[in-house]
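For clarity, chains are labelled A, B, C and D in written order, and residue numbers in each chain start from 1.
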Amino acid sequence: MRKAVKVHGNEALGFRYGWAGVVEGHTVRLDLNNTSGILPRGGTILGSSRTNPYAMDGGLDKIKETLAVEAIDMLIPIGGEDTLGVARKLSDEGIANIVGVPKTIDNDLSATDFTFGFQTAVQIVTDAIDRLHTTAESHNRVMVVEVMGRSAGHIALWSGMAGGADAILVPERPFDIDEVVAHLRQRHDRGKTFSIVVVAEGATPAGNEVTATAETDAFGHTRLGGIGVFLEEEIRERTGYDSRATILGHVQRGGTPTAFDRVLATRFGVAAIDAAMGGDFGKMVALRGQDIVRVPLGEALAESKLVDPDLYATAETFFG
Amino acid sequence: MRKAVKVHGNEALGFRYGWAGVVEGHTVRLDLNNTSGILPRGGTILGSSRTNPYAMDGGLDKIKETLAVEAIDMLIPIGGEDTLGVARKLSDEGIANIVGVPKTIDNDLSATDFTFGFQTAVQIVTDAIDRLHTTAESHNRVMVVEVMGRSAGHIALWSGMAGGADAILVPERPFDIDEVVAHLRQRHDRGKTFSIVVVAEGATPAGNEVTATAETDAFGHTRLGGIGVFLEEEIRERTGYDSRATILGHVQRGGTPTAFDRVLATRFGVAAIDAAMGGDFGKMVALRGQDIVRVPLGEALAESKLVDPDLYATAETFFG
Amino acid sequence: MRKAVKVHGNEALGFRYGWAGVVEGHTVRLDLNNTSGILPRGGTILGSSRTNPYAMDGGLDKIKETLAVEAIDMLIPIGGEDTLGVARKLSDEGIANIVGVPKTIDNDLSATDFTFGFQTAVQIVTDAIDRLHTTAESHNRVMVVEVMGRSAGHIALWSGMAGGADAILVPERPFDIDEVVAHLRQRHDRGKTFSIVVVAEGATPAGNEVTATAETDAFGHTRLGGIGVFLEEEIRERTGYDSRATILGHVQRGGTPTAFDRVLATRFGVAAIDAAMGGDFGKMVALRGQDIVRVPLGEALAESKLVDPDLYATAETFFG
Amino acid sequence: MRKAVKVHGNEALGFRYGWAGVVEGHTVRLDLNNTSGILPRGGTILGSSRTNPYAMDGGLDKIKETLAVEAIDMLIPIGGEDTLGVARKLSDEGIANIVGVPKTIDNDLSATDFTFGFQTAVQIVTDAIDRLHTTAESHNRVMVVEVMGRSAGHIALWSGMAGGADAILVPERPFDIDEVVAHLRQRHDRGKTFSIVVVAEGATPAGNEVTATAETDAFGHTRLGGIGVFLEEEIRERTGYDSRATILGHVQRGGTPTAFDRVLATRFGVAAIDAAMGGDFGKMVALRGQDIVRVPLGEALAESKLVDPDLYATAETFFG
């Protein structure tokens, strides 16, 4: 935005609440004043929604109207698979000039090394696991930490590795509750008095591809009383250990972003403006190693990124 | 400990796992080496338990035996109402020379301005609430934060004030769910899109002195699927808002203590050694303003400290 | 402020840049909108200055004019000795109705257990000392941490205790550089490879009541290249150890306040409004134990609070 | 290490204080017990030194002796250019089987996207800059933040971008003090009251390739009273603004590593063991995008990584 305004002299317009704002023409002019000081803040100053214009009557027509009324030359949508999926359709259908920016704490876009928001979420969970480690004060305690990740377990894997978890359960690998419990028993039989289990909200017991615990509500989130509570209770009943769940919920989404995410967001933003000003539309900016590159939206959204089996194997080395 | 060893030249012995260690004679010699570097760590290097020697067959005899075998001159138990309640009986019955140190995150001892552990717990919850505030990204969202506090709501009140909560529910004031929901509706009708409700685990709906949600398990803690989940669901169903619970659990108990708690713990420790070396037994050290004083154990444990109605009224000013 | 607007229905006016704003009539209306969300932010939304209206020509007349023009009924100045010293004179001379609020990171007001800002500064320094402790990676290293505190060493003493410093130098106790060096040598001769020295910016070598290192500049702060650099160099030259200074500077003044300080500020604010609305002027609100009380401004400013010798003695126990 | 012991059943030996330990045969056996719990701690449990065996009489012979006496099959040195430079020679000369691990907060190894320690240092500086931002309370203040980086400005550039610095001075681009001052004046003339300048310790004024401020002492570090103090004073004298330096020093090196660095260190360690067990010596493990790869030591150390001009240009967009 800053680059757009400062170097190119254009007007920058923000849409409130994601695609809902585009549909309804709900805009706010962005300038150097009202964006000053937002760097260290988490969340969004524009708001978000789960509105899909393709799933509503006349949504597309309203978008066309907004683009015409506001004389919009190009759109720079920021979001994950859902947000950018709409962007891709608008681009493919020639409705709007699009450069997408990948932002989701789930990190499940295969075209980019990292989406922004992810490292911040991992750090928040890691800090919580660190605190749990120091409460290993009594015999045979198991801490269950439920983290975000409905279809991919990146947050669980990274925070579990960083925090030194003794087991990490991810959606990509349905777990056998008997094996989990046996593993914990072995640890404690060998003299450990404390175990930490990190579980992604979308992890499921094997043979239970659709379980009650994994159902999502109207807002698209797993219901509480979900997998964390399930595990807490199963482990307590099967082992007699003092088992406790911690459910961080939206705490993972908020607050001051890490330095890594701020630099990434800044680079993505500048690169998106560069692409847009150069007329290179239908792309998503992406991190590849040390570089920011442009990837066709279609390719960027072709498949979700799941946890890397090699990385999971590295984590397993430490399950002890 | 350090003062005991360094200035007085005594031997310091730690008992593992609280009273369980005294009953079983499970000791560890504490010296300048094995206690070096523990200041910034949370938790305990000795462990804890919920063992009550008065509630077990022969517990008292075993304690007497340990005191004799190890030639213990004095005991400096560290803990809350339960731990110090045992200490008081041992002192009253002439079984041991006692100087107690108040440590509990619940802050429910009336004889001291603060117990140590409390400000650290408040800080952890406040950090979480800060993060939730920045996720106020979509319309009509309510965040429910369940915090520790079975019979007293100090953590909820302090962290709710520090974090700018829109409602604070404590055990001392059974709440009317209709009023809570009406308050949230009023806020959102006035244009607010986001509310934060902080609830102590022991808070109960009015007229429900014993509810399912407040039951405690064998480990003495409120069961998960407790009041936080109850509120999340009630609010969602009654308002249609997107309601979410965060349950921090034992994260509140661990990790690096705040500077305030470290200074308090250091002062309590030195003051307890001073009292013990001066033969002033049957006392608990306590913070009163800027001073550390000694209070008879009986007086110190006479009544629990509940949240101050004036402080709650100050918090209410900001419920908006 | 919130209490003033919400409960009492008054208008609240903020003056920019402290007394400078009152002199120049530089005001900003404070309401529930422009103060929403400021709780977790450090610093001030109003700004500050070192303007003393009594030290400028016609300053007092301009203040009288502002009070008349804006029809100000009462002033609630927030600050330390300098700010409240002006307030006291205005109050004594019958120029304005005053209720003062103690805010200074120096904590040097004797009438209140704590001023707000102090615990936040202590926490920031303690976090830095914690980080330094883990860099004890090579032989014979000494870390010098220079902290704020021109005439009182509260920040140095508290953060040194919380961080486990091996020496704490405060303005109240001019130090003998020979003794400091001898103490460090003894530690290292006994096998320690690492020492941390915390020094208040106003600490001075004994017999050097006015040294070059302690001079203050036009902004009232000790010049850099001050006592921290002096100690770093003296220790390096006298011992041959690898000595390093860390100078946190204004980092100590900023950022998210601790939960303790936020609750304290909230209580002070509400109590000041209560006093003002009750017409109880010429007072400063103060923390005494668990209570907020009102103290006559004259008494509140009668003498500075210096570090408590008993607390310093407790810290010394750990200098080892 | 863990992987070496657990999966491969080998003995792992740590050398104290880097190459000094290898020269002197100062070892410590590493096992699952004495390495348990070290994940969240910063620094090193082994210690470090600046010993270069090639620069001392008989250093090489002593290394050969240690390798023979301890029957060492392979060495896994962890460090930056200096440490790995020695490793490379030992490898080239056939003296030891080597797999190197890149660890330096300076991030100046071109073969790897990141060295571990770097992101943690960046985060610490960013947190400090965030705090400084909130102290923008009075007119015309300039904060100078001196950070590590003798020959490369990576920490300055990343933390400056993440923290929203108004100027970033790095060793790769000698600065013109007139230009720096003119830039600050322009900002303040346009109404800004506050500027933040981040400067790497090795940054130098243009035309002053060797200045007094950049000299390093026997320990290889820039002397304090270095470039930060120089800038503070130059800016104050030339502009009359209230200029202040913050010098974080070794605070940047210590404390709990970020989650990013912990995952990186874990992956590097496991990858180094894999390479060593597979007999693939003379390599350094490196991060390339999402993968850990092996790079010949000669290639890895061929040239230092300097700050990327494109990344610097992105940062400049925001200097405003």
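We adopt the following convention: a contact is a pair of C-beta atoms (placed from the backbone, for glycine too) under 8 Å apart; a residue touches a chain by one contact, two chains touch by 3 or more.
If you're wondering where the values come from, they're calculated on a predicted model, not measured in any experiment.
Each step here moves to a touching chain, and the least such steps from chain A to chain C number 2.
Averaging Cα atoms per chain gives one point for each, and the point farthest from that of chain A is the centre of C. Distance between chain centres (mean CA atoms), chain B to chain D: 41 Å.
Chain A and chain B, compared by their mean Cα positions, are separated by 34 Å.
Here the spacing of chain B and chain C, counted between their Cα centres, is 30 Å.
Contact of a single residue of chain C with at least two other chains is seen at positions 130, 133. Shown are all chain pairs that touch, namely A-B, A-D, B-C, C-D. Looking at the complex, you find that chain A touches chain B at residues 17, 41-44, 47-50, 124, 127-128, 130-139, 143, 219, 221, 224-225, 229, 232, 242, 244-251, 253-255.
Within the complex formed with chain D, the chain A residues making contact are 2-3, 6-7, 32, 37, 39-40, 113, 119, 122-123, 125-126, 130, 133, 158-159, 161-164, 256, 258-260, 262-263, 266-267, 270, 288-290, 308, 311, 314-315, 317-318, 320.
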